[in-house]
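Listed after this line are the structures, all set down as structure tokens.
Next come two complexes built around chain A: one with chain B, the other with chain C.
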Partner chain A sequence: MSQNRVAITGMGIMSSIGNSVEENLHALLNNKKGIAPIVNIETRHKNEIKVGEILQTNEELSKMLNLPEEHNYSRTALLGCIAAKQAVKQANIRDIEAFKTGLISSTSVGGMDLTEKHFQNYNAESRRLINSHHAVDSTEKIAELLGITDFTSTTSTACSSAANAIMLGARLIKSGQLDRVIVGGTDGLAKFTINGFKTLMILSDTDCTPFDANRKGLNLGEAAAYLVLESDAVVKQENKTVLGYLAGYGNANDAFHQTASSENGEGAFLAMTKALKIAEIKPEDVNYINAHGTATPNNDLSEGKAMKRIYGDFVPDFSSTKAFTGHTLAAAGAIEAVYSVLALQNNVMFPNLNFKTAIPELDLIPVTKVTKKSLNYVLSNSFGFGGNCSTLIFSKN
Partner chain B sequence: MKPCYINSAVSISAQDTLNDSSFLENTISFEGKLAKAIHPNYKKFISPIASRRMATAVKMGVAAAKKALELAELEIPDAIITGTGIGCIEDSEKFLNTILDNDEQFLTPTSFIQSTHNTVGAQIALTLNCKGYNVTYVQGAASFESAVIDAQLMFHENVANTILVGGTDELGKFLINDIILAEAAEEQPILTPFGEGAHFFTLSSLKQNNSFCVLKGLKIFNKATTETIQTKVEAFLKENHLIPEDIDAIILGKNGDAFDILYQSLQDSIFKDTPQLHYKHLCGEFFTASAFGFWAATIIIKQQYIPDALKLNSIDKSSYKNVLLYNQLKGQQHSFTLLSSC
Partner chain C sequence: MSKKLNILSYCKIKDDKISLNGKVIYQDHSNDLKSFFKNCYKNLGIEYSKFFKMDNLSKLGFLASEILFKDLNLDSSIKGNVGIVLSNKSASLDTDRKYQETINDKDNYFPSPAVFVYTLANIMIGEISIRHQIKGENAFFVSEKFNETLLEQYASSLIQNEKSSHVLCGWVDVDNDKYDAFMYLVTEEESQNYSKEIIKKLYKEN
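Up next is the complex of A and B:
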């Protein structure tokens, strides 16, 4: 066992399947998906798409944080603050500055939901809201809420953003730069992203069907999730309950196309290979893969090929949870990190909903029912535009 | 942390920093609120077909990155780590305008595809066919520094020998006007113009023949006040086995706003007898403007010379061995960077 393990001692999550870790677990164990027609955003595409939306309005979320009426929190910041607060609470942190504590968040869309409202129409309100546009804004607000004044950073690598935030946090703990770090990501739904994915013609008008031969595309979602990572020393000193460990991580670039994944899943293959090496385990030690599995024709084929390059005909049990939550972009790596830890804690694999027929080129069948199994290592993939591929490996011990 | 050797430094900025071989001798001053970058002939770096689709930041970033690799005689780095504060705002604005003007109809994907913050890092990877580690940081004024810290960490972990790091920001065309209006309404607003630029550096874990400078330490933190900043800088120097008197020049991210008191408190105390420098009057204020300061520091160490345009006081030193940078924006996203001769 290597020195300086990275323990996970707290988790918080807001997603379309629940406003807490418990609610998310309950939904995952009971096939309760969060995909439905859009409610909170006025868009002309509302009858053509289904999304994983958090039903609380911004006003309701603001109340959960006791914010004054005239605030400048984007939806991304609101969701991020609530989820990060839950994580710190579960980790039972009373004095955040008692140890060298950092925050690494991530977002893709940032405060675009606010910018959409005042763009090219400067007025008194835009003066208040304008700086909420920037990607750093939600991170600053979370840091303020948690009282973090030390190392604070933000990653943005599209749909693999949170995985990279988690990875940096783990590396800073391993190298002794930080004792404790809150890591994760947040992205609220915005017209900008809905229309963006719509123009790429990769949005499904039905519930998405990851790894299915007849998959039509993804459902967008919104979410935020944070994990508290702590060093072995802090865990020992504070006698902390450990939920799981972050054992491995890998990052590579597909260097193939700005938005499409390469046919042989090169970036995904490299990211998984690196993560296995850092975790110092053999591929077959992985008991369950929480796949990126967006349900786009391109991703699932490419990711499946990458898994087959590593495992041949013996791909471990795998599933994509995106049919529950939708693709939550920058937050995806963080919510799926939470799900991976929940899988380890409960020795359970979550179903890949809506699957019927295997992709002929792959002949891979995901886990389609809630399945109990002793789990020691769970691997989670996150891939993004720009060829940014990241893999995290979580372990029980 | 292991030292990081710097083998090339490239700046595309509102000054002619890419083409002019003199070091900030012929500087331009700005009348208005914008300090737009002086663009190179991009044909030298990017094919015209690819260039046509690229927004300003992507072009600047790819060109600066390629030039940095060329100067360091490096074909493919082990990792590409970039920072940007505002991201690809030109394409974001283009896409947003079409959504708003046409009520979400008649949209094409190109500007959306290129609007994500990681576009510059991704396009560099694609251009070089570099499959290594690739991350983009978006921590406001500490975006570039976040990227450099990641590189430092990779050397510490022995997982890379050479890394390309850089910072890129573009002005865009619309949001910047509102940012200027909002800033002007502040009691003590930013007085330098708003700028843009791309700064790229190749770093190595081992000293090479072409290494001309070494990064000894870098710290980012989110909050500080005039009461705490002096203690923080002293602690940072101590971690690097230095005292304030060892610093041969301090480069400050002054922009004229109310938060300049943070810099002033250091100028008036521990660094009052140190050569004091500023640079944002030359490159403008933008989230990765501190990379212009970083670039200037590496050239000062290389050439052992401080151009007048950078000087805030008239103190000179016989040699410039240790240069410290301090930057922050609106009292947040602070960074200390220590560069030394090697």
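Up next is the complex of A and C:
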């Protein structure tokens, strides 16, 4: 067993299937999906798309944080603050300054929701709101809320952002730069994202169907999730309850195309291979894969091929939880990290909803029902545009 | 023990001239960047049709890397793990402006995804990686001035920590019709000949 393990001691999450870790677990175990027609955003595409939306308005979220009325928190920052606060609470951190603590937060959309509402009418008031546009703004607000001053960083690598934030945090702990780090990601829904993905023609007009032969594309979602990572020393000194460990991680690029993933899943294959190597385990030690599985034709085929390249005809049980939450972009790797830890804690695999027919080129059938099984290692994939592919491996012990 | 590093080869593209290890290998008198790049492509005998889809920044970086890789003829197993550390001062502004022109006017609105993808400077690293199937570590930095300290430290760290055996480093900047490329490949060798002073000297020499 390698030295300097990275323990997970707290988790927090806001998603379309629940406003806490417990609510998310309950929804996952009871097939309660968050995908529905859009409510909070006025868009001309509302009849053609379904989304994983958090139903609270920005005003309601602001109240949860007791913010003064005149704030400039974007939806991304609001969700991030709430989820990060939950994580720190579960980790039972009373004095954030007792150890060298960092925050690594990811976002792709930043404060775009405020910008798109206010930029047409530019004045002093809108300027104040648009000032929260940049990606670092949400990180700074979370750091301020939690009182983190030692280290902050923001990652934005599209859909692998949160996985990369988690990976960076783990490396900082392993190298002894930090004792403790809060890692994760946040992305609120915005017209910008909806229109962007609409233009790419990869939005489904129905509930998305990951790994299905007839998949039509993804549902977008919004979410935020954070994990508290702590070093062995802190865990020992504080006698912490450990929820699970981050055993391995890997990031690789495809060298294939500016936006698309390669057909043979090269980047995904490399990311999984690297993560297995860091975790010092054999591929067959993985009991369950929480797949990226966005339900786009490109991703699921590419990811499936990569899994087959590693496992041949013996791909472990796998499922994508995107049909519950939608694709939450820069939060995806973080909410799925929470789900992976929940899977380990409860020895349960979550269903890949809406699956009917296997993709002929793959012949892979995901887990479609809540399934109990003893789990020691869970592998989670997150792949971003441009072939930025990341894999995390979580372990029970 | 720390590894001894050495620059294997370096290339410069500036003022209508291409030089390799200090010797001019191509020169012409084109009036604009587009024809200069096209002439370089032809004269250097490159065959890679995707070149013509690239923006000026990617073309410039691509040409410099092409010359270095041709000169060094590395084994594909080494190439696959090359680290890439590039930098400039104008990021992708040259293409950002061109893209902005396509969306300025509601009545003459013609944005193109093919242009949009180049509104990120590190796409240049992507283009070089795709061409040579490079899957090593990479980073792109934007700074006011050529920063030899950053290049020296970053590349050394990648090699000392055995992340990459070879690192492609440099400065590739395009802004309107001004351009400046300096690229080198550094690796472990028997004697040390790599420092920020050396990098700066090579960058400054004519």
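One rule holds for everything that comes next: the second predicted complex is superposed on the first by the 396 of 397 C-alpha atoms of A that agree within 3 Å, B and C clash if a C-alpha of one lies under 4 Å from a C-alpha of the other, contacts with A are read in each partner's own complex, and residues count from 1 in each chain.
Please note the rule applied: contacts are C-beta pairs under 8 Å (C-beta built on N, C-alpha and C of every residue); 3 or more make two chains touch, one makes a residue touch a chain.
Note that the structure is a prediction, hence the values are computed from the model and not measured.
Once the complexes are laid over each other on chain A, chain B and chain C cannot both fit and instead clash. In the overlay built on the shared chain, the residue A:120 is in contact with chain B alone; chain C does not reach it. Once the two complexes are overlaid on the shared chain, A:76 sits clear of chain B and of chain C alike. After superposition on the shared chain, chain A has more residues touched by B, the comparison being chain B against chain C. When the two complexes are overlaid on their common chain A, residue A:270 makes contact with chain B and with chain C alike.
In the superposed model, A:328 makes contact with neither chain B nor chain C. In the superposition on chain A, contact of A:258 is made with both chain B and chain C. In the superposed model, A:139 lies in contact with chain B only, and not with chain C. Of the two partner chains, neither chain B nor chain C is touched by A:204. In the three-chain model built by superposing on chain A, chain C overlaps with chain B at stretch 201-209, while the rest of 183-191, 201-209 or 273-281 show no clash.
Common to the chain B-facing and chain C-facing surfaces of chain A are residues 199, 252-259, 266-267, 270, 386. For chain B in complex with chain A, the touching residues are 1, 80, 85-87, 92-93, 95-97, 99-100, 103-105, 107-109, 112-119, 121-123, 125-126, 128-140, 142-143, 146, 149-150, 153, 156-157, 174-175, 177-179, 181-182, 185, 220-224, 287, 332-333.
Across the complex, chain A meets chain C through its residues 199, 252-259, 266-267, 270, 386.
Remark: chain C residues 113, 117, 123, 126, 129-130, 132-135, 138 touch chain A in the complex.
Residues of chain A touching chain B in their complex: 43-45, 103, 107-108, 110, 112, 115-116, 118-120, 122, 126-127, 130-131, 133-136, 139-140, 143, 148-158, 164, 168, 171-172, 174-175, 177, 191-192, 195-196, 198-200, 251-259, 266-267, 270, 384-388.
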